[in-house]
Every structure is written in C-alpha cells, then in structure tokens.
Amino acid sequence: MMRIIFLLSLFFALSNASVQDFCVANLKRAETPAGYPCIRPIHVKPSDFVFSGLTPGNTTNIINAAVTPGFVAQYPALNGLGLSTARLDLAPKGVIPMHTHPGASEVLYVLDGSITAGFVSSANAVYVQTLKPGQVMIFPQGLLHFQINAGKSSAAAFVTFNSANPGLQILDFALFANNLPTDLVVGTTFLDATTVKKLKGVLGGTG
Amino acid sequence: MMRIIFLLSLFFALSNASVQDFCVANLKRAETPAGYPCIRPIHVKPSDFVFSGLTPGNTTNIINAAVTPGFVAQYPALNGLGLSTARLDLAPKGVIPMHTHPGASEVLYVLDGSITAGFVSSANAVYVQTLKPGQVMIFPQGLLHFQINAGKSSAAAFVTFNSANPGLQILDFALFANNLPTDLVVGTTFLDATTVKKLKGVLGGTG
Amino acid sequence: MMRIIFLLSLFFALSNASVQDFCVANLKRAETPAGYPCIRPIHVKPSDFVFSGLTPGNTTNIINAAVTPGFVAQYPALNGLGLSTARLDLAPKGVIPMHTHPGASEVLYVLDGSITAGFVSSANAVYVQTLKPGQVMIFPQGLLHFQINAGKSSAAAFVTFNSANPGLQILDFALFANNLPTDLVVGTTFLDATTVKKLKGVLGGTG
Amino acid sequence: MMRIIFLLSLFFALSNASVQDFCVANLKRAETPAGYPCIRPIHVKPSDFVFSGLTPGNTTNIINAAVTPGFVAQYPALNGLGLSTARLDLAPKGVIPMHTHPGASEVLYVLDGSITAGFVSSANAVYVQTLKPGQVMIFPQGLLHFQINAGKSSAAAFVTFNSANPGLQILDFALFANNLPTDLVVGTTFLDATTVKKLKGVLGGTG
Amino acid sequence: MMRIIFLLSLFFALSNASVQDFCVANLKRAETPAGYPCIRPIHVKPSDFVFSGLTPGNTTNIINAAVTPGFVAQYPALNGLGLSTARLDLAPKGVIPMHTHPGASEVLYVLDGSITAGFVSSANAVYVQTLKPGQVMIFPQGLLHFQINAGKSSAAAFVTFNSANPGLQILDFALFANNLPTDLVVGTTFLDATTVKKLKGVLGGTG
Amino acid sequence: MMRIIFLLSLFFALSNASVQDFCVANLKRAETPAGYPCIRPIHVKPSDFVFSGLTPGNTTNIINAAVTPGFVAQYPALNGLGLSTARLDLAPKGVIPMHTHPGASEVLYVLDGSITAGFVSSANAVYVQTLKPGQVMIFPQGLLHFQINAGKSSAAAFVTFNSANPGLQILDFALFANNLPTDLVVGTTFLDATTVKKLKGVLGGTG
C-alpha cells in the first residue's frame, strides 16, 4: 500500500508537468495565430476526439456537389494538432469548382465512384488524373485544384489537410459572389464585362 | 501575335522564379532532416501525385490485421508536403496493437465495419471510442493508441498523418522483437522475466 | 603575444562550432523541401548578400506591367533565410493580374505613382485600397490578389515575401495558358466555352 | 542634454516596437497551442528566468528514482522559448521506467554516478549505452526510452527538452494505472490477463 | 433564384469553416508566444491592411538618423503573418548603430542616397557593401549589423523582417543606456571603465 | 513458427515505412537550411548518440574561461533533432564575454561554483542573477548575455540550445578580431578610435 502511495505521488508530480498533449478549442474565446485557447483538460471527454459530421452532403444544387467540412470550427479537438478533414459528395455531373486552400496541402481518398481531379502548378503545368475508390491524390498547398465526377453514379471522397484551419477560396465566389467591382474583375482577369456581370448575377454578386 | 510573345516572355520570366510548389522525393539520394532531395520538376508526372497502394492488406497473421503504409518511402510525392497516409485492415478479432507515431498526429476515417480505438494521454487519462463507418477520430502526436475490430465482420480504415514520415513504434516489437536484454525489459517495465521471455519467443526477439 | 594566441585558440575552437548563420544556395545541386544545399562559407563573398536585379521591368506588353523577381533562383543568398523580394512596374493602365503566392504572405511598399491593390479572403470578403508612395499593404498567404495602376503616370512597388521561394500562380495563366482541356475549365469555372477558347487563343493555351 | 533627450526619444520609440523577446507564462490564463499568454514585461523580474526547483528528488519509492520537472508549469519563463528541463535521481537499483516524450527530443547530461540509458527506434533497433559523469546522450522525439542506475552509488542527471511542454508518457502508467479495461490491454499488448491485473493492482489501476 | 439560394447555402456553409486567413491583432489582449489574439473578422476593415506610418523620421539627433518601425505594435494586421517593416532615414553622416534583431532576418531596399551596410557572422567574417537606390541586401537572423550614410545627401531605406515582431537590440543601448553595472560591462567587453562611464553619461545609463 | 513469420512480415513491411526517427549528420556532405544529409540508419551505432567531448576546457587564457561546444559539428547525432550542448569553464575571475546565439535560446545549469549571468532585452532591460550549483537560467534567443565567475574557486556549467547549430557571436571578436575598418567600428559603436585600435591590437584585428 505504501508502495502505491509512493508511486502515485510520483505519478501526480509527473502528470502535473504535462498539460498539453492536445488543446481542444474553446471556440468562444478569441483565436490566436496558433489557434484557439484550450478548454481545460478536465472538461475534455473521449467523444470530443470523434467527429460524426462527415455525412453525405446535399447535392441538389447548381454544382451537383457538396463539401462538408470538419475543420476546427466543427471539430474543436483538431485545434493545435495540425490536421483537418472534409467530405466531398459529387452527384452525377457534380463538380467541386476550381479552388485553393491557402494554408494547407490536401490528401484526397476516393470512397465511391470515379473522380477526375487536378491541379495547376506555379510553373503553369497541369496535373490531372482520374481516380477510383481506394486511390489517393495529393494537392500541394495553395495551388488551384478541382474535382469532378468522372462516372455516371454518385462519387464521394474523404479529404484531410495538414492544418486545423486550411482555408478555402473558391475561385468563382472570390470573383463573382461579392462586391468586387466588375471593372476590377475585368481588369485583373481579362474576362469581358458581359461574362463577369452574368456570373455575378448567377452567384449573387454586386458591383 | 506580338501580344502573345510579350505575355509569354512575362510568363517564362515568372515561372523561372517559382521552382518548388512540391518536391517529389528522389529516394536514391540521402535524406535530410526536412526530407529527401527533389527530383527535377521536368521529370514529375501527373501520376506521381496519385498513390494506388492502399489496397486491402493480408490479415492472415497473428494480429488478424494489416497496416499498409503510404509514407514517403512508398509515395514519394508526399515529400515536404507534410502529409502521409495508411490503410488499416482488421479481420474479425483483428487488432492494431498499442503503438505510437513519434512524429505526427493521426486522423482515422472508418471505411467499413466497427472499430474500437483509443489513446492514453501524458496525464494517464484514457480516451476510448467505438466508431462506425464515416466517423473520424484524431490521435494526438506521440501518444500510445490502438485500434481493434469491434464487430463480427471485417473492418477497414483510412488514416492520415501530418508528416510525410510519421514513424511507427509498435510497443510489443519495441519491447520483445529485438535484442533488448530481458533484464532491461524487466527492469524498465515491471513485467516478470517469464512473460518477457515468452513474448520474445513469440516475436522473434533475443536477449 | 601569448595572450593573443590563447585567445585566438579560443576563437578558432568556437568558430568551428558555428557553421550556419546563412546558407547561400548551390543552385546546381538538387533542392530539398527546406531549400538548396549551401555553398561552403569560404566561398561566400560579401557581394552575394546584395541583389542588384530589381531594375525597372519592360512594361511594353499586354498587361502594361512587369514583375521582376528576386527569389532564391535569382538571389541565392536568400536560401534558408525565409525572405524574398520582387519589383512591380506598372505603366499607365498597367495591371498585375489576379494571382496567388501559395507559399508566402507579401508586403508591398509603393515606390512611385498610385496603385490600387486588393485581395479576397476565404470568407469571400473584398479588401481593396488605393496606395500612395511610402504606403505599405500586406496580403495574407495564398489568397487571390492584384495590383493596378491607379494614376496616369507610371507606378512601381517593392515587395517582399516570408519565404525564399513563395511561388506565383497567375490565375489567367493557370486557366488559359496551358493544356488544361477547355471542358475542364468550363466545368470548374462556369465560364462559357467561347470565353475560354478565346482566352486560350490570346494566351497560347491549347486543349 | 538635448542630445540625450533626442537619443532617448529614439530609444523609447524603438523599444516600443519590440515587445516579445520572451513571454513569461501567465499560468492562470487558458493555454493556447503555442503556450500560455504572457504576463506583461513590466511585471517580469530577473529572478523569473532562474529556476531553483531541480533539487534532488525523493527516491524512497517503488522505482528507487525520481523525476523532478522544470517544465512550463513549474518554470513559467520557459513559455514560448522552446526549452524545458528536469532532474533525474536514481538511488542504487533506481530505474526511470520505459517512457516517451510525445512533444520533444531530450538531451541527458550525467551529473553523478553511472547510468545505463537506451531507446528503441521505429525500425525496432536498440540503442543502449552506459554513461559516466559529464557524458551526454540524446533521445530522439517520441521514442520509448529508459534510464537505470548502472552503479552501486546514487546517480543523477540533468535533462533538457526542445519544448517548454514536452509531455511525459510512462508506459506502465499508461497501461496499468488507469481505467483502461484489462481486456483492451490484453488485446493490444499480448500480455496475459493475470499479468495485467497484477500490475493494475500494484499501480492502482482499475478495469 | 432557387439556384442562387442553393449555391449561397453552399457558400455560407463553406465560409463558416475558414476563419483565419489573417489575424489582425487585438493589442489590448495579452500576447501569446505566437502573437496577439485576433479581433473578430467582422471588425476588420480593408484599411487595416495598409500602414501609412513609414514617413521620413526626424534625424535631428545624435546619430543623424531615425528608425521608424512598422511592427505588430504599430501595424496590427501583421500579427501571425510572419512579416514586418521599417523605414530608415539617414541624414548626411547618419548612422544606424550596430544592432541585432533577435527574432528575424532582414531585407533592406535602398530608396534614396547611398548606404554602406554590413554584418559580421558567427565565424567573425565581415560582409560590408555600399548600396545604391534599388539595390537589396539581406542580413541573416540575429547577427550584428549596421547602416551608415555613404554619401553627402540624405539616404533612406525600406526594410522588412520575416517576423511580425523581430525585436531590436541596439548594442550601445544594451551596454550603456541602462543600469548594467560598469564593472560588468568592463568585465564582459574588455572596454575600460573610463570609456564605459563616458558612454553611460552620454546615453543616460547608470551604474 | 508460421505465426512468427507472419508477424515478422508485418514488422518488416512497417519498419520499411519509418526511416527517419533521427538523422545522424554526414558532415562530409553539403549542409542544407535544415541541417546535414543523414548517414544511412544501418551505419548508425548506439555510441553515435553519446557525446564525451564536454570535458573541462583549458582556462589558461585571457578570459580565464573556456567554452567547449557540442554542436552538430562535434556531435553529429544532434542533426535535425533541434538540440545542442556546451560546457562552460570559468577559473577564478573567468568571464564568458558578452555574446549572442543568433539561432537558439539557451538553458544554463550550474555544475560547480558560483556564476553571475545576465542578459539584456530588446527593451534594454537588464536581467542579472547570481547562480549556485543546481540552479538553471534561461537566455532568450538572440539577446546579448554573459557569464562570470562570482566566486573564488572554479565554476562550470552545462548549457543546452534548442537548435543543433545555435551559432555564437562574441561581441569583442565581432568588433575587434577581424578586418572591420576602425572607422566603421567607431562610427557604429561611438567608441573612440584609440579604444578600438587598442582592442584590435589585443585581439588580432586589422583595419
């Protein structure tokens, strides 16, 4: 019995020293450049480390596709651990439009169906491949990339990023779904004003 | 025509400046602390970014399970991009034994079946959960964790790490499958010599 | 005299220990994820730390503008030091088209003239400002941004990045100046095929 | 006098710009993934940078050894500086049992006595050495390692880690000193239930 | 119309996931090792990303020079983005005295005049160069360096650092403008006490 | 027997995936910004992880002190592990003169005797303390600091840095032991030419 007490005293002394194996985000507190402040370890439950939100998304929309994120905002246990997740669903003809993740590289694992995915490098080279279930593709950080359904049935993928907060900039939304003035879009993309205004109309942009 | 030439001259000037969006590993060259030297971009093919090796592993073994890695050694395009992958297969009664990844946190996505997974923190707290297909669990860097088949049919998972080279230290192999002397194992684990020698026998260890 | 000898022996012992304040790139050797191998310190000259290549660029082109990079490929002393530079020249009506730097944030300092610059965030918000000489603007990593001449005379800017190799992806080149098939561009951007083919024609793209 | 005033005005302007050479932890505030918020520099005293807590530990316990940590929780000035410390005391027959530091590599300097130390790599190779006073050994991040008294008198060591919060996971505590169910321990370690239950008994575990 | 609604619902779902492209500092909150907590994105204005404070400094002082910082304390949008800025003004005979930046490398761009700049390496080698407008020089992290006006007219430079908070330690201030006791300065620099006391007098030091 | 074979096949498959727990430096190869290329794991011996070179240094010199480094050049196993070591010896009246480590913070542990140590911050504040055996002091990265023997007997300390290559810039050597012209030293330090020339004479400098 004394032995246990001696040993446990060692144990408590040591565990006292080791407070941050993880840092489950307290989303109510202000973020810092390294992520959110942690909730106290005593309030962390085993279920906090599990995320159940990557259910099939609703693809009844203009792109016949859905992105369901499991970033730190949805999955606070990711905070500080340098990883996040998402699920892609692509109905037939579904497209995840051209986009970038400013803060992370991405690995995509095909769950179902067939997906044509690609990215373009800084050197303007094109890397496009058509993937089957079980295949993996990596997209280097910050480069424009896309995924489209390459088959006749639905397709789905699980993706992970090496940041709890990878960001997501969808090209069409950046150009056409906000108040960036048409003349600035025209001037910086060489698209014509008619095209820009039409897409602003479709996507709810102004200016 | 002149316009194109002018523009392309701009293009070539710029692309010249941007040589490392990615760094596909030249595995024949000596590694550095940041990874392998890159093969020249001109030799990189679109298919290099795809990995097809995460096929179901052979589970006819003592653990009724298999780990199929997609680390930088198998998937050189990961080099320098801070991500790697693996597939876990668990036949009925299959177990991925207690292990750590010294250099990365891990996200696990259940593909099939039911998996009970868990880790223990530095503060000695236990975080165990049973997961269904589509659920995700995160394991913080360097902590002991395990996965076992929780159902009666086969189970499988796709895992990613936030390092191209996460490492993998399997507890039983570290203790019993090498030449670490029995008395050192006994002295540092409080296991008895009989148990240690028996497991060394099963796992091919000596000493 | 003995004192000097004793002291110098200390000095040489110590200097022996300190071999990497800097790592001037050996561009002939294969790059690694952390940059190029270093040339030996004994071969490094004071002038290696100076870059004289940021001279006014030729703006007689379709964009009436020029980007002159001082990245590691042009300025090898930057290697491993986490910084690089460029000069922007904008003739009247000049535009640096919409682009990203996948691997770095950017600070812009206006040298001459007036420049309207802007970026769009992941949350699709627009941040546009018109800048005078001596003003500074920062562009967060990986986000789409642009600069246009806001005045009637020439404008110029000096920019720095927090990476020796920030990358540069120009939107129009990524979409229209390579062999990315027209149907993939159409499918992932919602531009119409006529527009895509026209811009491919202007920019020398195929497919 | 005017000169001093001018110079001091320069000085205060400059010092204003340089607020974080260090970040002494405010342990009362919630931690972040990068460490604790700082106390204000004006409240930092010279003595904050000194730690006097590495006194010989009490080795009258089951392991005949003690670990005395100087991590951020004990030594708040370490916060954000990427270093921490500890003292090991080993009475005759003393053992620091098999353990890992999930978040740091470790350097050990032998102060007194003789210590046999070792670690096992991911490739299952064993690196064991017996050390005398003044010798140093390095243990790479996250790998299982141990230290035992190799002599007949007491031994002691000073260790440092390249993180203010390296973590500490003691194998026996992780397996036997908590509520991790016996069948999970058995299933994931190949130890037999009798051994597991016995060690749980000694170490105060349940389940 | 339905299309727009569907698409916008996608948009809001996604933008929800991407909260930290930038982290404009809330300077009223306690700093962390990674920088200040962020103000909420909704309160960030486009003008926050612009800094107008790099105006010519007052050089009517003992050094005939001025350093005007644009660090995170002056330019909160830099927080977490790994960059900061400053302006140097050197009247004829102006000198930016020997100093270091403990936390960043520096790039200097000459705006006007002629500047002789230099640094000394850990190996005690001297790297001095005289620069004209448009030339760039890089100073590796933490090394002693200086800038002096090399011409007869005023000179100015724009500098950037790869940290939002690079620090600035001016050698003479560190040695002579505080309460570091004269005997400690003498003992650790080999300067004679008369010299030390004289400079303490000029710079307002005590002790 | 079959079981062993099955298990070992698992083992070899896995160990194949985990090649870089450590990266012992091949000092004959060119360094990179992240350190030296690794020697092959098969050539790494247990003794490579031990460093025996921190023996008492020769203090019969002008400073009555010695610094014995255990940086990557002396201790190749440190490469990539983010730690290095040194031993300080101070005879009576011994002084480690004012210096900086451009690339690392430092922890000092007093082995013998009494040491007065101190550093000066960017904000020009002085942090000086006198330390006894067993006490620890931390010196933040890049700041000027010193150690002097505070007693009448010899003193010694063990120091560690959070970089395998911390650098070491000794103020007097940087100013007086090279060819930095006297007028530049005078101009950038406010020392008088007589003092500078005298110290250049003592320390072997020219110019």
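Going by the order they are written in, the chains are A, B, C, D, E and F; count residues from 1 in each one.
The rule is simple: contacts are C-beta pairs under 8 Å (C-beta built on N, C-alpha and C of every residue); 3 or more make two chains touch, one makes a residue touch a chain.
Here is each chain with its UniProt name: A, B, C, D, E, F = Germin-like protein.
All values derive from a computational prediction rather than experimental measurement.
Any chain touching subunit A (Germin-like protein) that also touches subunit D (Germin-like protein) appears here: B, E. Taking the CA centroid of subunit B (Germin-like protein) as reference, the farthest chain centroid is that of E.
Put simply, the chain farthest from subunit A (Germin-like protein) by mean CA position is F.
With D-F and C-F as the two chain pairs, more C-beta contacts join D-F. Subunit B (Germin-like protein) and subunit D (Germin-like protein) have Cα centroids lying 26 Å from one another. Centre-to-centre, using mean CA coordinates, subunit B (Germin-like protein) is 42 Å away from subunit E (Germin-like protein). Centroids of subunit A (Germin-like protein) and subunit B (Germin-like protein) (each the mean of its C-alpha atoms) stand 21 Å apart.
Centroids built from CA atoms put subunit E (Germin-like protein) at 35 Å from subunit D (Germin-like protein). In subunit C (Germin-like protein), the positions touching at least two other chains are 11, 15, 18-19, 21, 29, 32-34, 102-103, 118, 121-122, 124-126, 128, 140-143, 167-170, 173, 177, 202. By the contact rule set out at the top, the touching chain pairs are A-B, A-C, A-D, A-E, B-C, B-D, B-F, C-E, C-F, D-E, D-F, E-F.
For subunit D (Germin-like protein) in complex with subunit E (Germin-like protein), the touching residues are 3-4, 6-11, 13-21, 23, 26, 29, 32-40, 79-80.
Those residues of subunit D (Germin-like protein) lying in contact with subunit F (Germin-like protein) across their complex are 11, 15, 18-19, 21-22, 41, 46-47, 49-52, 54-55, 70, 75, 77-78, 81-83, 85, 87, 105-107, 109, 111, 118-119, 121-129, 131, 134-143, 158, 160, 162. Subunit F (Germin-like protein) contributes residues 29-34, 60-63, 66-69, 71-74, 86, 102-103, 165-170, 173, 177, 202-204 to its touches with subunit C (Germin-like protein) in the complex.
Those residues of subunit E (Germin-like protein) whose C-beta lies close enough to touch subunit F (Germin-like protein) in the complex are 95-98, 100-103, 116, 118, 120-122, 124-126, 128, 140-144, 146, 148, 167-175, 177-180, 184, 187-192, 195, 199, 202.
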